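Working notes for the structure below.
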Amino acid sequence: MPRDSVTNSTDIFTRRESEARSYCRGFPTSFEQAKGSELTDSTGRTYIDFLAGCSSLNYGHNDADMKAALIEHMNRDGIAHGLDLHTGPKAAFLEAFEEHILAPRGMDHRVMFTGPTGANAVEAAMKLARKVTGRQNIIAFTNGFHGVTLGALAATGNSYHRGGAGITLHGVTRMPFDRYMGEQIDTTELLEKMLKDKSSGVDAPAAIILETVQGEGGLNAARPEWVKRVAELAKEAGALLIIDDIQAGCGRAGTFFSFEEMGVMPDIVTMAKSVSGFGLPMALTLVRPEHDVFGPAEHNGTFRGNTHAFITARVAIEKFWADGAFARDLKRREAIIKDGLETLAGMVPGAKLKGRGLMRGVDVGSGDLAGEICGRAFDKGLVIETSGPEDEVVKILAPLTTPDETLTRGINILLDAARDVLAGQNKIAAE
Amino acid sequence: MPRDSVTNSTDIFTRRESEARSYCRGFPTSFEQAKGSELTDSTGRTYIDFLAGCSSLNYGHNDADMKAALIEHMNRDGIAHGLDLHTGPKAAFLEAFEEHILAPRGMDHRVMFTGPTGANAVEAAMKLARKVTGRQNIIAFTNGFHGVTLGALAATGNSYHRGGAGITLHGVTRMPFDRYMGEQIDTTELLEKMLKDKSSGVDAPAAIILETVQGEGGLNAARPEWVKRVAELAKEAGALLIIDDIQAGCGRAGTFFSFEEMGVMPDIVTMAKSVSGFGLPMALTLVRPEHDVFGPAEHNGTFRGNTHAFITARVAIEKFWADGAFARDLKRREAIIKDGLETLAGMVPGAKLKGRGLMRGVDVGSGDLAGEICGRAFDKGLVIETSGPEDEVVKILAPLTTPDETLTRGINILLDAARDVLAGQNKIAAE
Amino acid sequence: MPRDSVTNSTDIFTRRESEARSYCRGFPTSFEQAKGSELTDSTGRTYIDFLAGCSSLNYGHNDADMKAALIEHMNRDGIAHGLDLHTGPKAAFLEAFEEHILAPRGMDHRVMFTGPTGANAVEAAMKLARKVTGRQNIIAFTNGFHGVTLGALAATGNSYHRGGAGITLHGVTRMPFDRYMGEQIDTTELLEKMLKDKSSGVDAPAAIILETVQGEGGLNAARPEWVKRVAELAKEAGALLIIDDIQAGCGRAGTFFSFEEMGVMPDIVTMAKSVSGFGLPMALTLVRPEHDVFGPAEHNGTFRGNTHAFITARVAIEKFWADGAFARDLKRREAIIKDGLETLAGMVPGAKLKGRGLMRGVDVGSGDLAGEICGRAFDKGLVIETSGPEDEVVKILAPLTTPDETLTRGINILLDAARDVLAGQNKIAAE
Amino acid sequence: MPRDSVTNSTDIFTRRESEARSYCRGFPTSFEQAKGSELTDSTGRTYIDFLAGCSSLNYGHNDADMKAALIEHMNRDGIAHGLDLHTGPKAAFLEAFEEHILAPRGMDHRVMFTGPTGANAVEAAMKLARKVTGRQNIIAFTNGFHGVTLGALAATGNSYHRGGAGITLHGVTRMPFDRYMGEQIDTTELLEKMLKDKSSGVDAPAAIILETVQGEGGLNAARPEWVKRVAELAKEAGALLIIDDIQAGCGRAGTFFSFEEMGVMPDIVTMAKSVSGFGLPMALTLVRPEHDVFGPAEHNGTFRGNTHAFITARVAIEKFWADGAFARDLKRREAIIKDGLETLAGMVPGAKLKGRGLMRGVDVGSGDLAGEICGRAFDKGLVIETSGPEDEVVKILAPLTTPDETLTRGINILLDAARDVLAGQNKIAAE
C-alpha cells in the first residue's frame, strides 16, 4: 500500500535509505514520540496506533514501569551487552518467565536466547528439529509467515518474499492450513494420508510448524480441534510440533500463548515481537528438555543476549501476567474490536470477519479497497495496516493495553474511513 | 573452552536456559555492571574486558554520551519501536552516517536496515546479490564466518556450526583465503583460473563475500593486494563484491571500514556488532545505488528499525568519527597490543602473531593451550577468548577506547597467565 | 516379495551381483529363452509372462519380424553404435514414428533421443521445462514414479527409493493425484487454489508431471476430466504439461499414448520401456517445437542413439500401429483381463479393481497377501508382480500381443493361486 | 563444431529430431555400415573412425565374434529383456568378468547392473557413497565429466552442461585436478588442507570421484602419485574413492582399468561405454562388498539387464582379456598414436600433447583451430573430434583394435588436414 509522497523532511531517506523501506511509504510522515496507544509525528500531530509494531508493542509504547526500570538499569551502568554470559537481568527474566509463564502452564521448556529476531528464532527451531530427528523435511502451511532468512523463508508462503531468495528454497513441504479449502474439508485428512502413505512423496518430517493464527497470511485462525489433530499427527509421525507464536503470542490471541486452550503441548515455541514488552529486539526459542540438544554456541549470534530487553521483558511479565487481571481486560477489549469489525464487515458486500482474540480484521475482498480504507484512516489519524495474500484484510493489531475509550475512538475512525471510501465508490452496503 | 562450574547463583540458568549457552561456560560468574573496559560481577569483582562483546563494544561499555542521549530520548517518550517508519532518530543517524562516514570516503551506498543481527545483514546481502545478477552461486572463503541462519551458514566455514544445519547447505563455493596455502602461493590465481575456465565446475558467481580479517576464523588478515585482486576478479566475473565488515568494521581494523586503505569499493558492505556503539542490536547492509533493487519489504523484519540503537549509533559516529583524533588513538593502542602479543608469541615455541589493527592475537599451536591461558587469565581478572578452527588463537578484542594504562594492565595479566600455564607445562620458550 | 532360495546354479549371482538385485529374488530360477508371452528357464520349464519386463515387452518376447530385421541389419554390418550421428535406421524410425504415430494424432512434437532409460527421458523433460520457463519448481503427484536418478527421484513418491538418495531432493512440490482423497474430492481444486494463491508457498511451476495411470504407484488411473483440468491449470500457470508415458504408453492403456482420448496435448511426453518393441534400451522425450530449446548436446549421453533399438522400434510401429487392427485386439484382451480380475477381486473381501486398459490389477488389501498370491502363481508357472505403496496390488502387465487363449490360461493360474492362498487362510469370500 | 549442411536425405532430422542433436552437425552425412575401424555412409564413402563412439567401440564396429554370438542367441530366442532376473547370459558375463578381470586384479568388488548409461552408473555410485557414509558432500574435480542427470551433473564441471539443469546443483565440492595450477603445484596439498581444517567450509565428504584421464575435460591425465595421494586422503577422511572409468576404462588407458598401475583400490568403479564391447547400452557400478548396501531395487531401472549386451560383453572379455596379447598390441598402437600426435603438436606453436595410453590428443590452443582441423579431416575421410573446456584439444579415440596400418593412415589424414588448415592460416611451425 505505497502512498509515498516524500516531503522535504524525509530527503535523507530518499537519498540514503534502501528501496526495501516499506511502512514509511504508507504512512508518509516522521514519527517522534509515542506513549501508550498513540504516536506523535514531527509536526505534533497524534495518531492512534492500531499497528503496534505488528504486534511488537502489545503493552503499548513506552510503558512507564518498563521505562523506569530500564533507565534505572542504565543509570547504574548495568551491563548493556553481555553475549550469552550470565547476568543478573537475564536471571531475573528467566525467573519471572518460569514463575509466571512456564510453571503455571505446566511447561518444562528450556529457553534459548537466539539472535533477537523472529526469523532467527524460527531458524533455530528448524535446525533443532532437524538435529533431533535426523530428518530434513519440515511441513509448513499455506499462507504461513515465518521470516525471510533462507531457512525460515523456505517455510514462508508469500511468493513476493520467496522471490527475494534468488535461490532454490528447500526442505519444506507445503500443506493446506485449516479451512484452506472451505469449512467442509478437514485438511488434516490430507496431511494424515500423506504422512502415512509410504509412497506419497512427502518425506518423513522433522517437524510441523504452524501459527495458530496466521498474522501476515490474512488472520486465518485455526480451529482448536484442527491444531490438536495436527499435534497428534506430528507425534505419530515422530515429528516435532513447532508453534510459531511470534505474532499471536504475548497475549495477542487472548492468552499468553495462542495455543493455551487447545490441549496441545508444542515441542518448540518461537517467540519474538512483544516478548521484550517495550519493542526492543528479543527472541526466544522454547524447547522441551529432551530436545534441547544444541551444543554450546552451535547456534549462536552476537546479540543473543539483549540485556536492555531482559529488563523490560521481566517487568512486562510481572506487571501483566502475574495474575488474571490483564487477561480479563483482554476479553473485554476483544469484544469491542469484534463488535467494531462486524460493523465494518457489514458495510462491504461479501466481507468476512477474520482472526481470533485481539488479532482480528475484515477481508474486504480486495487489496485496493483495503489499502484505500487504511489510507483514509491515516488521514483521519489512525495507523492501521492490511494483511493477506492480496493485502485484502484490514487488520487491527492495537496495543492490548489500549484503553476502551481509545479503542472505540480508533474503531470509529476506521469505520468513518471505510464509509468515506465506500461512499466514493457507491459500494456501501446497508448497515 | 567450557569451564562450567555452575554455582548456586546460576541455578536458573541450568534449569531453564538452553544447552546452546556458551560463553557463560568459560566465564562462570554473573555479570552486573560494566563501564568502559571493565566488567563487574555480582560479587563486586571487576574484570578487564578484552572480549568486548566480540567487538560489539568497540567504544566500551555504557559510554556516557550515548547513555545520556538514550536516557534523554526515553525520558521524553521518544519512539522505541518504529518498524521501518520514518523517525527523527533514524534521520539523524542517517545524516551523521552520511556526513562523517560515507561522504568523506566517497561512498554512494544506500543504507538498508535489516533485522538487527549480523546474520540478517549477510542474508540480505546474499539475497540481493542473487537478485541483481540472476545467479545463485556465491564464493566464500575458508575459515570465513558469516552467521548461522541457513543462507549465511552456507557461507560460514566452521564445521561445528555447519553441522547444526541438519540440511544440505547450498549455493556457495569455497575458495582458499589469502595465505591459506602459505606465503608463497597466491590463492587468487586459483580463483582466477576457476572463474575463467568454462569447465571448472564453479558456476558464475552472484557475489564474492569476504572478511578482510577473519575474526572467528583465527584472525587471518588478508593482504591489501589480495583483496584488491579479488575485487578485480569479481568485477571481471560480473559478480558483486560483498565485504562482511561485521567484526572488522567500526574501527576495529584501525579505520572505520576495514577495507579503507585497500583501494577497493565493495558493492555491498555488511555491518553489525559495534554499529550501535552501545552494544544494542543493530545491523546494516550498505548497497551501491545501482544494486538497491529490493522491492518494499521484499526483505523485511519486525526489528529492522531499533530506534534506541539509532540514538546511540548517531552519538558514536559524531563522537568518534567526526575528526581524526580517534583514529590516531587507535594507532597508538594498536602498537601497545602488537607489542604485548609479540611478547606472548615469544614465549610459546612456534607461536605466530595473527590479525591486523586492533583485532590481533597469537596462534599458540593448540586449542588446549589457548584455552588454559584464557582460563588462567580469567582467574586473574581478564576476560579474553580464543578463535580459529581449533580455538588455537588467543585473541584480543579490547574496546578501542581502552585507556593505554588499562590496555597495558590487561596485557600484563595475559602474559602472567601464559607464564603460569607454560611454567606448569615446562613449555615456556626463552623470552 | 523376496523369495530368495539361491540354488547352486545362481552362485555367481550371490558371489558377485550387488544386493540391489531384486526381481530375481521373487522368481528364483535362471531364464534362458523367451518367445511371445512365454519364458523358459534353464531347466526347460516354461512360464506365462504377466510381467513383460514391466511393460517393456508389450509386443512379446522376440517378435519374429523385429528379430529378422535386427539380424538382417547385423548380418550386413549395419552400424550398431552411432552416438547421435545421422543413420539410416534412425531416419527410418523417425519417418515411421512421424507417419504412424505423430501425424495421425496431430502432434507436432520433436523427438529427443535421450540416454536409453526412462529416468533419463524424465531428467531431460524436467531440465527442459526449467530452461523454457526459467522456473525451478515442478509439480508431481502422490504415488508417482519417474525414476531414481537425482532429478527424476525428486518427482518420485516412493519413500524407499527416495531414501536411497542420501541427499535432499529439491525442486518438486507434491500434490494429491486423482481420487487420492476418495471419489468425492476433486483434487484439482486444491491444485488450483495453491497455484492461484500468491501466498500458498507453492512456487510458480515450470511443469506439472504426471502419469495418467500410475504403474508403480498402484495402478491408479486418473479420470480423463481430471487430466484435462490439470492440463488447463498448467496452461493458466504458464507451466508445461509433461505426461510420463513410460509405462502406460505404447498401447498399454489401450491406445498408443495413454492420453489420446482425454482431449489434452502435452507439451512434453516421455517414453521408454516398450518403445524399442524388443526390450532393448531406448527412450524418447517428445517436445513441442516451441519448447525444443536445448542447445546441441546440452543434454547428452553416449547411448542416445541405440541403433539396434531403432531397427526394432520401426518394425514395431509399422507392424502394430499402421492400421487399427492391433487396437481392436487390445479392446478384446482388455475385456478378458478385466473379467478375470473382477473374479479375483470378488474372492477377497474389500478388494478393489485398479488400473485402465491393459494395465490392471487388484488391490487385495495387503502386501503380504499380494506377495503370497504372486509366489503361488509362480510355482504354478506364471510370472506376475505386485505394485503400490505397500505392494498390495496384484498387477497384470501381460504382453499386449498375448493370444486370448494364453491370456485366459494365465488368468486361470492366477485365480487358482489366489484360491490356494486364500483357502490356506480361510479368507476366501463367496465367489 | 557445427558444420550443419542438411541435405535432402536428412530432412526428417531437421523436421523431427530435437535441436539437442549434436555430432550429426559436425559430420553431416548419414552413416549406414561399420566394420572394425571404418564407417560407411549412405553414398558408399568410407571413413576411418577416430571417435569410436567416444570410446564406446574400443573393440571396433561389429566385431565378428560378438556379432556371431549375439545372432546365435537371437536365433535360439534367447531372452532379450530380463529386468534383473537371473539369466544364463548374465551368469556367463559375471563369470567371465570375475575370472578374467576382477580375480586377476585382486578385486573383490560386487557388480551392480545399473540403468545402461554412464550417468546412471555415476548416480548409483554417488547415492551409494552417501548411503554408506551418511554424508552428503562429494568432492569432484575441475574439468571432470560424469554425466548430465541431476546428481551426476552436480559433479560435472562443464558450464554449458551445468547450465542445462535449470536448478541449483548441490552436494558437490570442486577441487583442482592434477596440474590444474601447473606442474609445480601439488593440488592434493589444498585438498588435504581443506579436508583436515575443521573450518575450511568443505563438509566431510561421502566420496571423492575422479577420472584418471579426463576425457571430455581435455585429456588431462593425472599422475599416478597424485591419484594415490587422493586415495590416501579419501581413506583418511572416511570417504569412498570412486573412479569413474567410463571413458578411460576397458583398455583405453592401456590396461583394462585405467588405475591398474597406480597402486590404488577404488571403493567404487563406474563403467559404461565399451563395457558391452559392441556399442550396446550397458553400465556397471563395481562396489566393494562392505559398501554393497543398497536394498533390493533401492536403485532400480527397467533396462538394468540388457541381455544382448551381456552376450557381447562376455565375448569381449574372453577374446581380449583372457591373456596378455591384446595388452601388448595396445602398447604398440599407443606408440604409433603418440608419435603421430607429437608430429601434430610440432606443427602448431605452443601446442601441447595431452592424455595417456590410447586416449591422447593435442591442445592446439583454440577451439576454432581444433574445429577446423577436424572439419578438414572429415572432408578427407577421417572422423575425429575435439574435447576440452574450449574444445581446443584434437582427440584420438580410435578403436583399440585398429590395425597399425589403418592407424597410420588415419594419423596421416589428420596431419594432412592440419597442414592444410595451418597453411591457409600461415600458421604452420617448422616441422
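Residue numbering begins at 1 within each chain, and the chains themselves are lettered A, B, C and D in the order written.
In this section, a contact is a pair of C-beta atoms (placed from the backbone, for glycine too) under 8 Å apart; a residue touches a chain by one contact, two chains touch by 3 or more.
Remember, it's a predicted structure, so these values are computed and weren't measured experimentally.
Taken together, subunit B and subunit D share the touching chains A, C.
Counted by C-beta pairs in contact, the busier of A-D and C-D is C-D. Subunit A and subunit D have centres, each the mean of its CA atoms, that are 58 Å apart. Distance from the subunit A centre to the subunit C centre is 49 Å, each centre being the mean of its Cα atoms.
Inter-chain spacing, taken between the CA centroids of subunit C and subunit D, is 30 Å.
Contact of a single residue of subunit D with at least two other chains is seen at positions 136, 160, 167-168, 170-171.
For subunit A in complex with subunit D, the touching residues are 167-168. Here subunit C touches subunit D in the complex through residues 2, 9-10, 12-13, 15-25, 27-35, 39, 42, 51, 53-54, 56-57, 61-62, 67, 70-71, 74-88, 90-91, 94-95, 97-98, 102, 110-113, 115-120, 123-124, 126-127, 129-131, 134, 136, 147-152, 154, 160-161, 163-168, 170-171, 206, 272-273, 278-281, 285, 287, 292-303, 306, 308, going by the rule given at the top.
If you check the complex, the residues on subunit C that touch subunit A are 136, 140-144, 155-160, 162, 168-174, 176, 180-181, 185, 189-190, 193-194, 197-204, 217-218, 388-390.
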